[in-house]
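What follows is a set of structures to go through.
One chain, subunit A, links the two complexes that follow: it is found with subunit B in the first and with subunit C in the second.
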Partner chain A sequence: MASLILSPAEQDYITQGVERGFRADGRGGLDRREVTLRTNMISQANGSARCRTGYLGAGTDVLVGIKAEVNSWTAGEPEDKGAIVCNVECSPSAAQEFEGRGAEELNVELTQLLDRILGGPQSGIDLGKLCIIPKQAYWVLHVDALVLDVKGSITDTLVWAARAALLAARLPRVVVESVADEDGNMQSEFDVVDDAEDQISLEGADNLPLAVTFSQIGKRYVVDASEQEEAVAQARVTVAVSPQMEICAIQKGAALRGFAPSLLTEILHAARTIAREEFARFKAVFDAANKATAADEPSTGSTFLGEF
Partner chain B sequence: MEVDTETQVMDVTARIVTPGSAITSDPGFIRGHGTFGEGPTIYSSVAGVIERINKLVSVRSLKQRYGGEIGDIVVGRITEVAAKRWRVDVNSRQDGVLLLSSINLPGGIQRRKSESDELQMRTFFSEGDLVFAEVQSYFADGALSLHTRSIQYGKLRNGTFVAVFPQLVPRSRTHFHTLPCGVDVVLGVNGYIWISKHVSAAKVEANAEHIYSDKNEPISDEERESIARVANCVQLLNRLYVKITETSIIFAYEESLGHAPKDLLALDVAAELAHSVTGRLRQQS
Partner chain C sequence: MAANIIDRRRINGPQRSVEPLYTHVDAAADPFASGRGDGRALDQVRPIFVKTGPLSAHRSESALSSAAAASGAAFYEQGKIRVSCAVYGPRQGRRSSARMGSFDCDFRYAPFACSWKRRSHVKGADEREISLMLEHAIAPAIRLEAYPKACIDAYVTVIESDGKAATIAAAINCISAALADAGIEMYDSVAACSMGLTGARWVADCAQPEEDAASCSMLIAYMPSADEVTYILQHGKTTPEQTDQAVQTCTNMCARVYAVICRYLQDSLE
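Moving on to the complex of A and B:
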């Protein structure tokens, strides 16, 4: 994804480092960078989250907002299900190559990737519960993501933020009544309860997957590649794993070459092991983010190294 | 409360001002960079520190693009190979220019440039290469003209690149340092820094034929760890907005030895290091 050009000497340094298990910033091949998370900072959205992967207040920064809308059913659509629609946009200020229409291709790739992971029953969310009245009305969840800064590994951060936003999302309660119309037939009508206290969370959001992106550098692969490592990587694959340790989605990214099949099998197994750790880490970070209130904001003295 | 700007002469001693702050109404002063005038009063247009030289009042902002002065030692990345010159990204408003006539040819002996040199420019520097150079002069449009006419300048190898704020690298006598831990550091005044394995000067001279080689020396695991540690320390100093000198890097390195290199940039460890490093620097000054 990066358009960084490195010298052959730098590329060799990075490749040798990866092959010996010691990356340029001291991490091992499977070590991820620090993740900071904030939830529900967008009051007008049903749910929101901002996730940053990186160090010292800089890093890949993604903001996700969830907006729920009631759609009227039209013929041809599923009769008893809601829908999830994803959209990813890279802010032109995130990187120089995103200026103007530079990010168009990447936006399409990331939107397709997020859709592949979240846009259907494989996301774990109970789409049936999103149906209000069959063949009449249903909830559509718009998952809108904005990439604010790029320092390598957009996909993993994007899926973290989307998962956090969906877990934090709250929908208003809907009351469905059967009313008799002029002919005496029973019609269903629904009413959205306008009470901020009376909201429900998304059924099945706990089943949402997390993504792990593997980049092949030299003869080995690394997780959570930095910008320089992405510039050297020969191939990249994103694997989304559910909390039940099932592989929900796999997408290979644009790169110079392909993966050897044996390496790909090894990566799929490694994805599950890493995902297990990632779910534990996600839970810790997410719980901390939810407990954080204004009083927890770092004082001015340490906002220099502060989180957001 | 009315502020009578006509009779009140504000303080022009070095103080921090923000955009829109009034500096002075004294007609004896001339406006310099970073200021604008409205009526009789000079206001600051940037956030920074007031500087006064005789009658000239200017405001030096905290963050500025690297400007470039003759004699500056810089690290640049080749962006383009053009006719008898290379365009070099030096973190400035314009790319610098490295002329074919400004580089040393391999072999150490001053041989005449031939036409074949012109046609084989990529055998010297190619796009993406990092070059250690000195600013020789300016072109008419303000672009910096670089040269590498000394054995210590040239193509950079055996290490890793870090970018910091240009203001944090002070101009000094020498910009190439060998740290006690066996790591060479090149501090470009333009904010580009190269951290590499130590290669002795004798070895560099012995390699005069291969100054444009892209091949790294073999780097051991301990050397790799030291390089990673120094690189992370430099990132930390950059984030703390502390001047990046041989001394501050050595302090940060020593304070960091209690942690693995990969942990140095985690928020809690970084905060702890920030206190100890700034403490030592304050003690020293």
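Moving on to the complex of A and C:
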């Protein structure tokens, strides 16, 4: 993450505060910042979302676009399944150290995390429904994320945005027909219906998980760490939880130290409590974002920037 | 060729046929009912072999070689998995700060290491990802503040792999042994262990076929004396109780792996 340099006094202030349950911006240990969400503002993508965690003008900002492509099947790939491919890129506009190859390591880490959460049956999305014709053609959903601003807690914002984009995504309908070729063998062919009205949403997108990231500071931990808190944090662990309260992925992030196993168990329990609240909050914010999309279609750059 | 000419000289099967009835065998329910393929217990790690020092015994004596040998090296075997690791450093760092040293790791599969496909010489995305995981798993154990302005590099080569999560765990164990061989100051050695969830059972240290059948994998790196989990990775869906159980079982197994490595390191000093 952004390498912020803090003086020992500042570090001490944050650490002692967290250990006593107070944080520099007035939140409690397990409080999250405000989230602003906007969906389907990119007309060229099958689904998109922009999510900001934090207060106006200063927050972590992630833009996710979903592009669906038809891939032809090659030997060795699963026969009757589609695929989800993730890619995360940190824009140099977020921090100076992301210039050139500076963000490479962070990109790999975040891509790996998103892939771990979305790229398999644990995502809840019905990959079987993404298959068009077994052993012939299938849909690939490219989930491309662009990190536009970094003010702590990228992972949670990233998963929020990806979940919103996948929920908002619409795939064109595909018509499969059986046609006989010249030898009399039956062959399947498909047609992608090119009609903006005739599109379907992703099966099982409601089951997509949300992520909660815990940062250990001193002897305690906080969720949704700010930039300063992240600079002090000794260890970080991300837990992805599905709406059914199953644990979909766990990944420990860059750290100077490890967790005691007992603290880890405590964190896993806290993750579920927080996830339950987060799903309710997500629903409210997502519904509001969808209403806003219907009311005023973004057409120019200024509406794109809108509330951001 | 008309398809409707019937061959009358041979006995033909009926035009319509039905599938025979089989007694229903629910293979998915418990594939480990009759034990594991290699006769291990469910919570048993494959036999471990560790050796520190350079791979070829005479290399360090060759006066002709002007290149400096690694500060520490180790070779690690766990069942079919074979991993070698060389540690360089502490040496002058490129990226390290004045306050703390840095630990970098480079993980490579040999082109012939994997069962499915020949690896390309170009570093793949998964190798870069695993390098990062290894750094995160090992760095908490090293006293980096004791090496300001220096960097420590570990180069890991997988000679043979058998189960992806198990290979990463083996790499972590191998680096630990190599770091000890190099005399790097550490809080504790890191031991790692992986498990796979098949049905409702956690199976320790999965080989490739077992891992393919598993619905979820868990990897934990643990420092037993310091009682700290330095890395945790879960890939796949579980209930929270299963995760809790996995953390507990995995840390216990890490302690056992740790005992093996420490025993070797102690013996090697005598």
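Basically, the second predicted complex is superposed on the first by the 293 of 308 C-alpha atoms of A that agree within 3 Å, B and C clash if a C-alpha of one lies under 4 Å from a C-alpha of the other, contacts with A are read in each partner's own complex, and residues count from 1 in each chain.
Keep this in mind: a residue touches a chain if its C-beta (ideal position, glycine included) is under 8 Å from a C-beta of that chain, and two chains touch if they have at least 3 such contacts.
What you are looking at is a predicted structure, and each value in this text was computed from that prediction instead of being measured.
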Q: Classify the contacts of A:109 with the two partner chains as first (subunit B alone), second (subunit C alone), both, or neither.
A: second
Q: Considering only the touch criterion stated at the top, classify A:34 as touching first (subunit B), second (subunit C), both, or neither.
A: first
Q.
I'd like to know which partner A:283 touches here: subunit B for first, subunit C for second, both or neither.
A. neither
(Q) For A:219 in the superposed arrangement: first (subunit B), second (subunit C), both or neither? (A) neither
(Q) According to the stated criteria, A:237 is in contact with first (subunit B), second (subunit C), both, or neither; which is it? (A) second
(Q) Between subunit B and subunit C, whom does A:245 touch in the aligned arrangement: first, second, both, or neither? (A) second
Q) Looking at the overlay, what does A:25 touch: subunit B (first), subunit C (second), both, or neither? A) first
(Q) Quick check for you: in the superposed arrangement, does A:173 touch first (subunit B), second (subunit C), both or neither? (A) neither
Q) Which part of subunit B faces subunit A closely enough to touch in the complex? A) 77, 127-130, 155-161, 214-216, 219, 221, 224-225, 228-229, 231-232, 235-236, 239-241, 260-267, 270-271, 274
Q: Flag every residue of subunit C that touches subunit A in the complex, lowest number first.
A: 125, 128-129, 132, 136, 139-140, 144, 215-216, 218, 221-223, 226-240, 243-244, 247-248, 251
Q: Could you please specify the touching residues of subunit A with respect to subunit B in the complex?
A: 5-10, 12-14, 16-17, 20, 22-28, 31, 34, 36, 55-58, 228, 302, 304-305, 307
Q: Could you please specify the touching residues of subunit A with respect to subunit C in the complex?
A: 105, 108-109, 111-112, 116, 120-122, 235, 237, 242, 245-261, 264-265, 268-269, 272
